[in-house]
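Structures are listed in the sections that come next.
Paired with chain B in one complex and with chain C in the other, chain A is shared by the two complexes that follow.
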Partner chain A sequence: MATIEQSEKRAPWVLLSPALVTIALLLVVPLMFIVVYSFWLRTSVGGVEAAFSLANWQEALTDRFYRDILISTVRIAAITTILCAIIGYPVAYFVARARGVNRGFLLLLLMLPFWVSYIIRTMSWINILGVSGALNSLLLAIGVIDEPIQMLYNEVTVILGLVHFLLPFMILNTYVSLDGIDRALEDAANSLGANPMQTFWEVTLPLSVPGLAAGAVLCFVLGAGTYITPVILGGPTDAMFANLVFEAIITQLDWPLGAVLSLMLLVVLGAVVLTYNRFMGLGQIAKGIG
Partner chain B sequence: MSTAVTLNNIVKRFGTFTAVHPLDLEIEQGSFLTLLGPSGCGKTTTLRMIAGLLDPTEGDILVKGQRVNTVPIHKRNLGIVFQSYALFPHKTIFENVAFGLKYRNVPKAQVEEKVKAAMELVQLPNVGDRYPSQLSGGQQQRIALARAIVIEPDVLLLDEPLSALDANLREDMRVELKNIQEKLGVTTVFVTHDQGEALAMSDNIVVMRDGRIEQVGSPWDVYNRPASEFVAQFLGASNLMDVRAEGAGAEKVAVELPQFGKFEVDTTQVPKGNASAKGKLVLRAEKLQLSDTAAKAPTGHVTANGTVEAVDYLGQSVRYFVHVGDEKLQAINTVGQALFDQGAQVQVHFDPQNCTLLGD
Partner chain C sequence: MDDTKRYERLREKFGNGDIGRRKFLGLLGAAGAAYGVQMPFGNMAFAQDVSEVRFDGWGGVVSEAFREKAFDPYTAKTGIKVVDGTFGSGDEYLARVKTAQEGEYNIAHLSGVFDYARYHNLGFSSSLNTANIPNLDLVIPKLVDVFRAVSGDQLSCVPYDYGTTGLAYNRKYISDEEMKEQGARILLNEKYKGKIGGWSDWRTRIWYGALQTDQDPNNIQDMDAVWDAIRTHRDLALKYWGSGAELMSLLAEEEIYVTEGWSGRIYALQEQGHDIGYYDPPNGFGWQECMFVMKGSPMAAVEELLNFMLAPETSIAVAEAQNYPPALDPSKVDLGSKIPTLPAFDPTGTLDGLTFANPDYWNGNEAEWSKMFGRVQKGY
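Take a look at the complex of A and B:
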């Protein structure tokens, strides 16, 4: 008996071990390296020198430059998340309320963007908003403007690109929550005297919060960690935090500073995820993705 | 007695499929009416049309004489208990029960009072602070009922409210539900496919089949005077035998069964408009009794001889399948009576007053 019980207890770990080993090798070990690097020193030729120095940390934490970009990164991610929620919720609601074949088709449409590289999808905005892009051509043709205007390469287009990239995550997560709501709950609220608007505020919206929150965390984390979008759609002053990490490591070959900056971003995003986990539980995200 | 709900020729089609055929029904104020029928016969559809959750394709629905077809559900003042209970999982029990009062401008002090009264009525006065997930199925059921009655609805609508409960609890709940209904005097429409529930609780039963009404009547009527073969077979166990009848329209109808010979039945045993020369005799299995071939049957009973084909012991009673001539009949007798084994030669007998005559 005891041995069966023991082997039953062991079974999940045995089954999980390949995944755990992979995570350990690809995530935990590199992370340890980064932590160690953050205390090392950069040599003048771009190498690293083992040491225990807080100089990198001091620079990153006191220089206003890094702090400002961290704040604007958080701001861009937050605005993007809010826009995704506002735009995505009605869509998710519509899909969740669609019937039969329609719903399958709509879900397929939602998956469609994932079949095209995110970089290509981001670049497509250049063809739409660029100086010789579709929108300028249209405005010129109908005589609203006399010469093309530069609409690209600012914070607005970065946010636009991010919303474009992240919206499906928000929609799918919210959809899962909305789809899980027993329609009888809304019928019950209606029958008790709540009109459709009141029913939405009292029943539907609160019950879809888990999906909305899961979508928001994904949008925020992916948005704040983005590197490609500001490069393609942002101007010289629109760098986000991940661009700084890239700059430090690849351009300046300053691994220790890059390590410190990565860890700063990790701490901020980690705090967001932990806050979410505290209130909602991470399981909800798995539901939305799976 | 006034009429609380009137259905006037209502029809419901889903695309080309007709779920409810033209249907007329009057529900008396304060009465307990059950829609009974097999799965898919349109009970839920009918109930949802009364509730306003479905629009009838044709026909009118009147509540207290007012046409309500175009009145949205939140203005109908109906109490609905759903099969899944549909308690709001994110609200406490108190908030759940108080939900409907919020839209009725009830002063705060009265809300507390009314919620308390409703929760006492369903015998769960102390769970106000809990969430629905912290209650058992039976308790959730009671709270769903409390939430529906606290708004003092014009009509209480229940769609198979007991079907998710286990057998014992279901029987307790049906007694309690009936008590509460009587105490409040609220007009109630109850949907079930469980004949036991229907017979035990209802003032009137509507037996439905394929979107049509087969019979409307008191539990006694639908059980003892079924208006059609379908009703006879759907409720309880019945024997159906071909008969020839004479003297339709007179006070007594003479009928002849090949195995039992000739006897007379009362016209009250012939559903209206059903008399004809050829027909079917309906005899409930519990009205057919077995005895020794030598025993003398009670006076007035008609008798025949047969062979016991199978015996089905049910605990309080025994069900026999008996071959009589070329008919195979069912008899359910209480265990107190003499027991017979398979293959035994027996006499079967019944009182002609206990059968119903259906026309062809």
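Take a look at the complex of A and C:
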């Protein structure tokens, strides 16, 4: 009897072991390497010297430069997330209420952007907003402006590029949540005298919050970790934290400092995910992207 | 006698008691080891049994010219395949090399003498037997000497081409006279605010900062003034570009009117019909590119490939494709009709008109300046 119980207890671990080994090898072990690197030092020629030094941590944690860029990154990611929620919710609602072939078609449209490279999608804004791009050409042609407007290469275009990239994640997560709401609850609210707006505010919206939150956490984490959007659509000073990591590792050959900066970003984003998990549970995200 | 027959005889001797069990197993093991080293896996252990050589460069038309003029004829003659890889920047490539096994990367098309010095200082340099590269005699001697000076007389590369990072400007908005009058300071002119560009490379920004503050880029005395010039440029600039394609797009689309730019890329824009001027200011940024051979490479095979790449027909084809003059000495080789028209071309072969970065000076300040530029670039 005891053997059967022990066997039953072991079974989940046996079944999970391939995944656990894979995660350990591909995630935990490399992460440990990064932790070790963070205590090493850069040599004068750009190599690394194995040592135990807190100098990189001290520099990253006390230097206002890194803190300011981190705050700026969090701010841009937060604005992007809010915009995605505002734009994405009505779209998700519309898709969730669509019926039959229309719903499948709309879901297909939502998936389409994933078939095109993120870099290509980001660069497409240059052809739209550039001095000789589609929008300026249109405005010039209809006489609204006399000379092209400079629209590219600032923080607004960085946020625009991020919203373009992240919106499908928000819509899909919110859609899953809205689709799972029992319509009988809305009917019950209506039968009890609530008008459509009250029904939405009192029933639909609260029940869809888990999906909205899952979309928000995905948008925030992906947005805060982005590197390519500010490079393509940003101006000289529109850098995000991932750009600092790239510069430390690739341009400055300072892998130890790059390791510290990577870990700092990981801790901030990890805190956001853990907070979400505390209140909502990570399972909701799995539903949205699964 | 085939291997099967040998094995049967050995087993028979063992069965007859002519040899002991230990000796029988020992001979079997030796036979296995001997067979193993002649298998494909064993071939990997033979350093000189080379089946392929890896080359990494900038891709595009240059890669095509190499493939047609050097790699394919080389493979036809030697049977050694050339694996052709690309990279986006020298910094990115160095990061790759640092994480690779010795011998994984062989030849790289690197920029500048300071890159050569960086690779050498990090222990990636090899030692070429120049007797195996007869076409090296056709190269401008000055280009070879600067590399020898870095690596203590040994040579880990062959020079391949050279160019400048000068000032590129849209003639519709900026005249040739205005450009010559203002020189590098045109990048700090308020009149062109929002229409100025610049390469996001710390060396180029500091070099031009030195020119804008009337200093010798290879001996800067007032670094604060240089940082201030870089800050002023940053605040006037629309965008720091990060690649040749982006540089060409920004100028061609008139997003910017003036920037510093790579001579070959600006020539390509002119060839496409864009009215873009190019001006090398006094002490403008001259540079050369080389074919660097990594430590651990199959040297004989690599030296033969380098000789193919340096052959005049290959060098000229690559130069015409990328619009940078080849390292070949014009006094020894007829470079055809297009190359003498390229910006930065020196018909004398002395290169006395170009200022190159002093690798000791620039690499000695790399750690501090690259980090500081990262901050200044972001508004500090």
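In this section, the second predicted complex is superposed on the first by the 285 of 290 C-alpha atoms of A that agree within 3 Å, B and C clash if a C-alpha of one lies under 4 Å from a C-alpha of the other, contacts with A are read in each partner's own complex, and residues count from 1 in each chain.
Everything below uses one rule, namely that contacts are C-beta pairs under 8 Å (C-beta built on N, C-alpha and C of every residue); 3 or more make two chains touch, one makes a residue touch a chain.
Everything quoted here is computed from the prediction, not taken from an experiment.
Participant: Between chain B and chain C, positioned on chain A by superposition, is the outcome a clash or a fit?
Facilitator: fit
Participant: Just checking: does A:Tyr153 make contact with chain B only, chain C only, both, or neither of them? Give me first, second, both or neither.
Facilitator: After superposition on chain A, A:Tyr153 lies in contact with chain C alone.
Participant: Centred on chain A, what angle do chain B and chain C make, from Cα centres, as a multiple of 10°?
Facilitator: It is 150 degrees after superposition, to the nearest 10.
Participant: On the superposed three-chain arrangement, identify whether chain B or chain C touches more chain A residues.
Facilitator: After superposing on chain A, more of chain A is contacted by C.
Participant: Report for A:Gln252: first if it touches chain B alone, second if chain C alone, otherwise both or neither.
Facilitator: Once the two structures are laid over each other on A, A:Gln252 reaches chain C alone.
Participant: Please work out whether A:Phe241 is in contact with chain B alone, chain C alone, both, or neither, and reply first, second, both or neither.
Facilitator: Neither partner.
Participant: What is the contact status of A:Leu192 with respect to chain B (first) and chain C (second): first, second, both, or neither?
Facilitator: First partner only.
Participant: A:Tyr93 contacts which: chain B (first), chain C (second), both, neither?
Facilitator: neither
Participant: On the combined arrangement from the superposition, state the nearest Cα-Cα distance between chain B and chain C in Å.
Facilitator: 47
Participant: Which parts of chain A are touched by chain B and by chain C alike?
Facilitator: none
Participant: In the complex of these two chains, what residues of chain C are touching chain A?
Facilitator: Checking each residue of chain C against chain A gives 89, 91-92, 94-95, 98, 118, 121-122, 194, 198, 202, 234-235, 237-240, 242, 249, 253-255, 363, 366-367, 370-371, 374-375, 377-380.
Participant: In their shared complex, at which residues does chain A touch chain B?
Facilitator: Residues in contact with chain B: 182, 184-185, 187-196, 198-199, 202-203, 206-207.
Participant: Within the complex, which stretch of chain B touches chain A?
Facilitator: Residue positions touching the partner: 51-53, 72-80, 82-84, 86-90, 99-100, 102-104, 147-148, 151.
Participant: For chain A, which residues are in contact with chain C within the complex?
Facilitator: It comes out as residues 42, 44-47, 65, 69, 126, 130-132, 150, 152-153, 231, 235-237, 239, 244, 247-254.
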